[in-house]
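Some structures to go through are shown next.
The following pair of complexes shares a single chain, chain A, combined with chain B in the former and chain C in the latter.
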Partner chain A sequence: MHEYAFFLGCIAPNRYPGCEAAAIKTSEKLGIKLLELQGASCCPAPGAFGSIDLNIWYAMAARNLLLAEQMKKDIALICNGCYKSIYEVNEKLKHHKELREGVNEVLKGIDMEFKGTIDVWHLAELLYDPKICGLQKIRDSVTVPLEGTRIAVHYGCHLMKPKKERHFGSTEHPYWIEEMVAALGAEPVEYRNKMLCCGAGGGVRGYDLVHAIDITNEKMINLREVKADALTEVCPFCQLQFDRGQIEIEEKFGVKWGLPVLHYNELLGLAQGMSPQELALDLHAVSCEPFLEKIL
Partner chain B sequence: MAEKKTKKETAPKKKETAKPAAPVKTAAPVKTAAPAEKAPAKEQKEARIGVFLCHCGTNIAGSVDIEDVQEYAKTLPNVAHVDNYQYMCSTPGQGKVKEAIKEHNLTGVVVAACSPRLHEPTFRTASKEGGLNPFRFEMANIREQGSWVHMHDREGATEKAKDAIRIAVAKASLLQDLIPKSVPVEHAAMVVGAGIAGMQAALDLANAGIKTYLIEKNPTIGGRMSQLDKTFPTLDCSQCILTPKMVDVGRNENIELMTCAEVENVEGYIGNFDVTIRKKARGVLSMEEAEAKGIVGGGCNGCGDCEVVCPVIKPNPFEMGMKPRKAIYIYHPQVVPLIYHIDWDSCIKCNLCVEACGDKKAIDLEMQDELVKVKVGTAILATGYDIFPIEKKDEWGYKKYENVVTSLEFERLICASGPTGGHLVRPSDGATPKKVAFLLCAGSRDSTGIGHPYCSRFCCMYSLKHAHQIIEKIPDAQPYLFYMDIRSFGKMYEEFYYRIQDEGAKFMRGRVANVLEDPTTKNLIINAEDTLLNRPISLEVDMVVLAAAVEPAAETDKTRKLFGVSRSMDGWLLEAHPKLNPCGTTTAGVFLAGVCQGPKDIPDTVASSEGAASAASIPIHMGEVELEPYFAQCIEEKCAGCGMCVNLCPYQALSLVEKDGRKVMQVTEAKCKGCGTCGGFCPGGAIWMQHFATPQIIAQIDAFLLGGAK
Partner chain C sequence: MQRTKGYPEALDKKLADTRLFEDERHPDFTKTIEKISMTIPHMCYQCGTCTASCPSAPRSSYRIRKFVRRALLGLEDESLTDPDLWLCTTCYSCTDRCPRDIAPTDVIMAMRNLAAKRDIIPVNFLKTVQAIYTTGHGVPNNDVNRAARKKLGLNPEPPTTHGFPQYVKGIQYILDYFGLKERADKIVKEREG
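Our next item is the complex of A and B:
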């Protein structure tokens, strides 16, 4: 059993508790134990905090990292925004002495010191990594194959970019999450401008909602074109934008899409036999029923 | 065909070089032997050193207190005269040196000025004209290593100048007369690479009466230029202006052309390079080779009967893989030499071609690589370029989307002799594209760390040419050029740019963020920013052409190491001086032509090749070159004949000989590079490194550490 400190983030537990439940329960079946990271704060949100005060962003992220350092466990997380903050700050502090010293100066106030002893992983990459889990294990764990469904993937910007600071290979034409979707028995579908932002990130949603949902709407047009039954992602914030965004699109533009949006862990939960109630799918703004009807 | 000095032998294919059967001539005879001065000379007379300080305008005087340094220099041991001047390198400055030598009866001269790389030759000549042996001159660098790096620290720069002068005086006090040796220069040259650069250089050398070996790794000469359709800005057909030169190269009596050949090993020095060339097994005999083997009227006549029967089909690299070829093939109908060749990786040795060839008996499926040794006086590298693998910039979708092509692929698609007979088509469906986008600076001027930071220099111009070509060939065609800056720098280039603008090409200043494919139509959507209008653009086109960056050809690194040539930071071969010696290298006798030194268009390539040919012909026409006399010398009375130095020498310049009943080391001076490996090692202190002798170096160290020469 591989053990990780599980960094929850904010959106998953508050808006989509099913993501949190699915992550813990599905991983356990795949040999990954997610341990509670007690005392964790907001990651903090890279766009919102990073744009205002970088030092605070570093220091708060460092504090979260230190909680895991004390547990002597690597961090696993399920949100691209958290990944940006926690992963990137960890890498930066490890490699930039001056930055580390500045942050440690702040951390002195709470008797802590960043040492750089752990690594940070997105749960999706752990599931894909054959040394930890791998596609075959995922395939073997499936009891309710998602056969007959067409699922499109949204990777999310903070997971894949900036390219220089990531390790996922192609940032323009990635395909590994599609492989993970196929492992659940579903048919992954490609669509135009796959790597376009969800519309929310970088504070755009907070600053200019119409602009944000305009981008989301463009994604919806491209997804409808390839007749996707559902969209999956690995980021609750992207999920929020695609899910609640469809309601906002309806309000502002008068277009109704009705496309179910599910976190990959929620899909994995369904494929492993978890019930929609267990996954709290009723909390989604756009009903997942049309999708569920196809598989259940 | 082989020249007298050419020794041939067979060697197993793709294996280590076999040792030559006949020993290579070890060294050229020394023409003017110096009076042997084997033992460290005893001080003939007391050293009297003249010190001359250069202001270099304010370059030195701005940061170094010349007056202070002058007063200091007067206090140094052995210093008989100190002077300073605004510009020591000027005629009056040199005059000061000459006069002082006579007037003060100087035994040594120190000039404290710039780097010896700049003006050591100047002051050596001045010393000689003043009646002193030129090797009694020593330079103290107080500019590049002094005033320039300590520009804002006058006190520190002044102190450092004093140190440098004290050290130089200490060495100058112990310097000896040396006489340079001359060695004869082989009346032959070598050019590596037979693209337009190598061809031009070889033709110039050959026409100047010099036997020239032209080495090309491909089965034909012509290089990249033969893949091009038209040339800018004149729009003449590339092949039409190139093939006459190719034919000239093929029939020039002074050029010995070796295709399918690579340089395997290089030994020796300017005037006397011993080069081993691997002639890779071509599988097909030329008519001359057949005749030499006694096959009357045999050898390849280029009829192509073999190609017809060959059952293997592979993509032709000359056509960028867009046209099929057989396992036995030629790149294109105009190849020089017109001899077929076999791709051993795809040949299945079915023997059909051998049967088809019949009595000509040109095909030998068991042919082996051959090692050929030649001796040349000078060499020119013209190894050219490759296209940067633009798929690394995955935002533009090359190799992902069928209708995204590189400029070189476009050249073949628009070329009348290309795979489509000059009809531009989309790879996805064979349709004629109407809207074509050209992405300039694709991988050039790229600071992301994926592409190259430099400008590839000819992409702007050929993209303008491409725009013109589609307007000319396709009714209602619309080219779009996405650019950062249009660099139309050459003669008639700017005029060409205006012409293409008038013809209707659209120019968008901005880098392309990404290219997306519409999966149903295979059209491409370009997302970019128009930085002139300050707005994002999204444009749907039929085809995208990437003007991919260029980078040094893959084998360049191997070749440059054989010839001892350095690279600059960007990977291109390093010239001796970027402005004043762009064709030379730091290895005497080795020169650079064409793009291997940095991106160049055809006119600049030809100009650089003619420059390299001219430079390479000078030592050959002079007939001899002077070698700096920094040789190791054996002090025979101290030599124990242990032979350790012989094994250490990287240049095989040392040997043990019998003398007076015992063994002593002997130096082949023409081979010695003065590296000092032997001198530093010799346990008995029996090796004297001329001009860098142990006492001289110890004196320098003492002067630095103890503050005064002994």
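Our next item is the complex of A and C:
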């Protein structure tokens, strides 16, 4: 059993609790135990805090990192936004002495010191990694194959970009999450401009909603083109943007898409036999029924 | 399709005057940007790959190439007062494609930091700060969600600062250390009364 401190973030536990429940239950079956990271806060939002003052962003993220350092466990998380804050600040503080000293100066006031003893992982990369879990193990855990469904993947931005500060290689045309979708028995479909942003990041969703959902709308057009039954992602913030964004698109632009949006862990949960109730799929703004009818 | 309010006028005004006045240039601005962003805007040869990769460019007058040029020329006021500065979704497509290995996204973030120092910042950013100061979360829990969590067999409050509110003090200490909460309150009050 591989053990990780499970960093929740905000949107997963407070808007889509099914993602949280699914992550814990599904990974337990795959040999990954997610432990409570008590007292963690917002990562903090890289768009909002990074824009105001990067130094505050470093210090706030470092506090979350240190809670896991005290547990002596690596962090696993399920949100790309959190990944940017927690992963990137961890790497930056490990490698920039000046930044580290600045942050430790602040954290002295709450008796904490950044030492850089842990690593940060996205749960999706742990599931893909054959040393931790791997595709075969995912395939073996499936009891309700998602056969006959066409599922498109949204990678989101902050998991793999900027590539220089990550370890995923080229970000132009990745295919590894599609492989993970195929492992569930579904047919992964690709679509035009797959790596386009969901539109929510950088504080744009709050600053100019019409601008943000216009980007989402472009993705929806491309997804309709390939007749996807559902969209999957690995970031609850992207999920929020696609899911509630479709309602906002309907209000502002008068277009109704009705495309179910599910976190990869929710899909994995369905494939491992969890019921829609156990995943709180009723909290999704866009009904998942058309997709569920195809698999259940 | 509805477009963002005010953009056509803003764009017209910008295009009307493209002269460069020497006294508007601040070489220090370029250096400060390079220090905060840890990237090298002066290497830019204005190829435009960044703007071509940008999801915000087709739907607004936001041009990332223009901002990098402004960073290089030291056009401080023009950069920081431009409302387009806040339309970057930080998707990092420009950063991954830049043939000169510049990180234009980080140039934008550095500019936003400098703008925020002058209190030029949209209120939604500050409201996130206020929410985090009170609860530790930018998107806090609510009753519908508590009920849903219970049904899933989860604790109604997640094991974060919601379940362990004693940890909020540490967050408040960090934000107070930078005086951010006080500034956020002041600016939000000024703008919204």
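By definition in this document, the second predicted complex is superposed on the first by the 296 of 296 C-alpha atoms of A that agree within 3 Å, B and C clash if a C-alpha of one lies under 4 Å from a C-alpha of the other, contacts with A are read in each partner's own complex, and residues count from 1 in each chain.
Assume a residue touches a chain if its C-beta (ideal position, glycine included) is under 8 Å from a C-beta of that chain, and two chains touch if they have at least 3 such contacts.
Source: prediction; values computed, not measured.
Trainee: Once both complexes are superposed via chain A, do chain B and chain C end up clashing or fitting?
Mentor: In the arrangement built by aligning on chain A, the partners chain C and chain B clash.
Trainee: Could you tell me if A:E91 is touching chain B, chain C, both of them or neither one (first, second, both, neither)?
Mentor: So A:E91 meets neither chain B nor chain C here.
Trainee: Taking the superposition on A as described, I'd like to know which of chain B and chain C A:D129 touches: first, second, both or neither.
Mentor: neither
Trainee: Determine, under the contact definition given at the top, whether A:G39 touches first (chain B), second (chain C), both, or neither.
Mentor: Touch status of A:G39: second partner only.
Trainee: Taking the superposition as given, does A:C10 touch the first partner, chain B, the second, chain C, both, or neither?
Mentor: second
Trainee: When both complexes are superposed, which of chain B and chain C contacts more residues belonging to chain A?
Mentor: C
Trainee: Between chain B (first) and chain C (second), which, if any, makes contact with A:E289: first, second, both or neither?
Mentor: neither
Trainee: So, does A:T171 touch the first partner chain B, the second partner chain C, both, or neither?
Mentor: both
Trainee: Can you check which stretch of chain B gets into chain C in the overlay, out of 292-300, 382-390 or 508-516?
Mentor: Only 508-516 shows clashing C-alpha atoms.
Trainee: Taking the contacts chain A makes with chain B in one complex and with chain C in the other, which residues are shared?
Mentor: 163-164, 171-172, 195
Trainee: Would you pull the chain C residues touching chain A in the complex into a rising list?
Mentor: 1-4, 36, 55-56, 59-60, 86-93, 95-96, 103, 105, 109-110, 112-113, 116-117, 121-122, 124-129, 132, 136-142, 144-145, 148-149, 151-154, 158-164, 166-171, 173-175, 177-178, 180
Trainee: Spell out the residues on chain B that touch chain A in their complex, using ranges where they run on.
Mentor: Against chain A, the touching part of chain B is residues 394-395, 397, 400, 448-450, 514, 516-519, 525.
Trainee: Could you pull out which chain A residues touch chain B in their complex?
Mentor: The contact residues of chain A facing chain B are 163-164, 170-173, 190, 192-193, 195, 226.
Trainee: Okay, in this complex, where on chain A does chain C touch?
Mentor: Answer in residue numbers: 8, 10-11, 13-15, 17-18, 20-21, 36-42, 44-56, 59-60, 63, 106-107, 109-110, 112, 157-158, 161-164, 171-172, 195-197, 199-204, 206-208, 210-212, 214-215, 218, 252-253, 277-278, 280, 283.
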